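One structure, as structure tokens, below. Some questions next.
Order of writing sets the labels: A, B and C. Residues in every chain begin at 1.
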Amino acid sequence: MDNHFEAGLDTLKQKLLTMASHAETAVNQAVQALVQRDSALALRVKEDDNVIDQFEVEIDELAIQLLTKAPLATNLRLVTVAMKISQDLERIGDEASKIAKRARDLSLEPPVKINLDLPRIAGLALDMLKAALDAFVNRDSAAARAVIPRDKEVDALNKQIHAALVQHMVENPATIGRCLHWIVAAKSIERIADHATNVAEDVVYLCEAQDIRHTGVKSQAVSP
Amino acid sequence: MATTQNNSDAALIVRNLSVFFGNRAAVKDVSLDVTARAVTAIIGPSGCGKSTFLRALNRMHELNPEARMEGEIKLFGDDIYSRNVEPVVVRRRIGMVFQKSNPFPTMSITENVTVGLRLNGVRERKLLAERTEQSLRMSALWDEVKDRLHAPAISLSGGQQQRLCIARALAVQPEVLLMDEPASALDPLATSKIEELILQLKKDYTIVIVTHNMQQAARVSDFTAFFYIGELVEFDATAKIFTSPSKKQTEDYVTGRFG
Amino acid sequence: MTAENHNWRNFKNAFMQTLTFACAILVIMPLLLVFYHLIKEGFSSINLAFFTQLPKPVGEVGGGMGNAIAGTFILLAQAAVIGVPVGVLGGVFLSEYGGTKLNWWIRFAADILNGVPSITWGIVVYALMVVPMHGFSALAGGVVLGMMMIPLVMRTTEEVLQLVPGGYREAAFALGISKWKTIVQIVVRTALKGIVTGVLLALARVAGETAPLLFTALGNRFWAHSLTEPIAAMPLQIFAYAISPYDDWHRQAWAGALVLLLLVLAINVGVRFLTRDRFQHKV
């Protein structure tokens, strides 16, 4: 019955989705800059992070305003979940910035002769994020739940990349500096997948009113 | 739909309660348990039967000659509608506070507080004085009126009068206190005093409150029952009803889509 | 909105205002006239003897209406004893008990009774009491006045009780107070001033009734020594003196009328005084 309120909720959802697409683009571009050694692209990613940060501020402000209208039930869950998702998206943006920074550093030095499939792990992480966001739009709890176990695959892949880089560093001490950049970049992607998992858990809470965070069956706690 | 909590915690057990006015059923086949020493709120759109339901709990609906009830209500195990039970006795165990405060205009503050006792035969002055102070303290009115206990009750403000009515109800030491929209005629400050009072009182009393203000129900109650056109649609912990209700009707009402 | 219409409207307004004012004055005129005449004719005859002495035989100057004044009070006392309990309790029944159908009939009957000519009341009590008792009596006079009071007091009591908000009854029931105690200690107590007003006004009304007393109390030249004797009453005495051919008695009739009017006036003023700050509390 409250059209103004419903309109406010719609605006909130729209802002969130727009912020999400910015975050996805940032990750894509950061990985591209890394793989293609594109310093200019890396710089753009870092600058665009401000846009993502601004979105978080706006979404939080709008959410607080909506909370003063004392929403209940689904509306209440939607507003609180929106605030949480926006925080995860902002962190994803930060991780993209970190990747971009490493991309820029690596582009200033000769490439390392190692075959890493960063686009693949990045692709997995981004697919998870997309699936979680689609579940949010469609209020599809099952789809959101399906995202969560995929984090294991990303963790495993990260471990592989990590091991390969460590071995390379042992065999070629001169590449240690550059390999460390790669390690950090891969770690950032693994964190992006973690954030995507958080978003999925938030979507489950929104749909089912069940809080499934920290309930075992997640990937290992902290990767070295 | 009845959510029966652990029965030993139930102050009132209502089973299949229906209330008819002539041929019209105002309350249809309601069953629920009211937990002792907790606040149970009854919400729903106007005309949904919540006040009628409340009045059936202390047999007040019998004041209307056309009213008739079916079903069973037990107060701590005693059937309040059994033939051996006088309605008057039920109402001493289950008290009621009304929407419009109604202190008796010909009586002073202290006479109002003790009227339930005096008109039921209690004469001992010491007991009456003690009970007066006790009840006025419990309803957070003592400090404001202790120096003018013999002033006319109607000289108090609206919010004070309502607290006086609460003290009057508490003076007969009921086990359950029913409140029919107790704060709806009061300004926000007086309302919040009443709500604070309810949260204090629930330590010792079982309280059932009818309210059309969902925020109020969310603030003061532990359990909430949602009524719609005479039927109990959903009854659960307040937190659940207001964050994730099970029934779509409840969700629609609570998010303001109707009513 | 022409100037002509404007003037015509103004004139109409002024005319109506003057007309209604004149009518209002016309209403008060009789009261003023009555007072003027009564005071002019009767004031001189009012002295202590008037209130304490019996009428003197014809031809002798002096004497008073002591027996009539006392008689009026005795009759009113009897009327109150009959009229007040029955009327008030009847009003309580109508307001607090009874089914709607029954109550409708009772109210209907009471309203008819209130309109019955007082002489009819007199004839009825004549047949019911005077004939079987083989004589006129103060008792019969008291009874007829009491019976006239009943429907009046009943209706005013009922109306006043209905004005007591239902919330008070509900609050009392919710405290576990029984119905009868609620009625007496809460409802009637709240409405008490109104009930007393109704009773006093009914008394003022029957104080001046003459016709029914003609058939019941009859009147008495002397003090009545028991209730089974005829008794003097002011309206009767005034009537008897007024139609007599003696000037002295005429003067005393004027005085009696003045005293009677002052009695009624005193009751009305008393009522106003009693109800002066009723229901002025904050709502």
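Assume a contact is a pair of C-beta atoms (placed from the backbone, for glycine too) under 8 Å apart; a residue touches a chain by one contact, two chains touch by 3 or more.
Just so it is clear, the structure is predicted and the values come from calculations on it, not from any experiment.
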| item | value |
| --- | --- |
| Other chains in touch with both subunit A and subunit C | B |
| Two chains sharing the most C-beta contacts | B-C |
| Nearest-to-centre chain - CA centroid comparison | B |
| Where subunit A and subunit C are represented by their mean Cα positions, the distance between them in whole Å | 95 |
| Whole-Å gap separating subunit B and subunit C, where each centre is the average of the chain's CA atoms | 48 |
| Centroid distance [mean C-alpha coordinates] between subunit B and subunit A, Å | 52 |
| Residues of subunit B defined as touching subunit C within the complex | 58, 60, 63, 65, 88-92, 95-98, 100, 102, 104-106, 115-116, 119-120, 152, 154-155, 165, 168-169, 172 |
| Of subunit C, residues touching subunit B in the complex | 99, 165, 167-178, 181, 185-186, 189-190, 192, 281-282 |
| Residues of subunit A touching subunit B in the complex | 1-2, 5, 70-77, 208-209 |
| Interface residues, subunit B side, partner subunit A - complex | 214-215, 218, 242-245, 250-251, 254-258 |
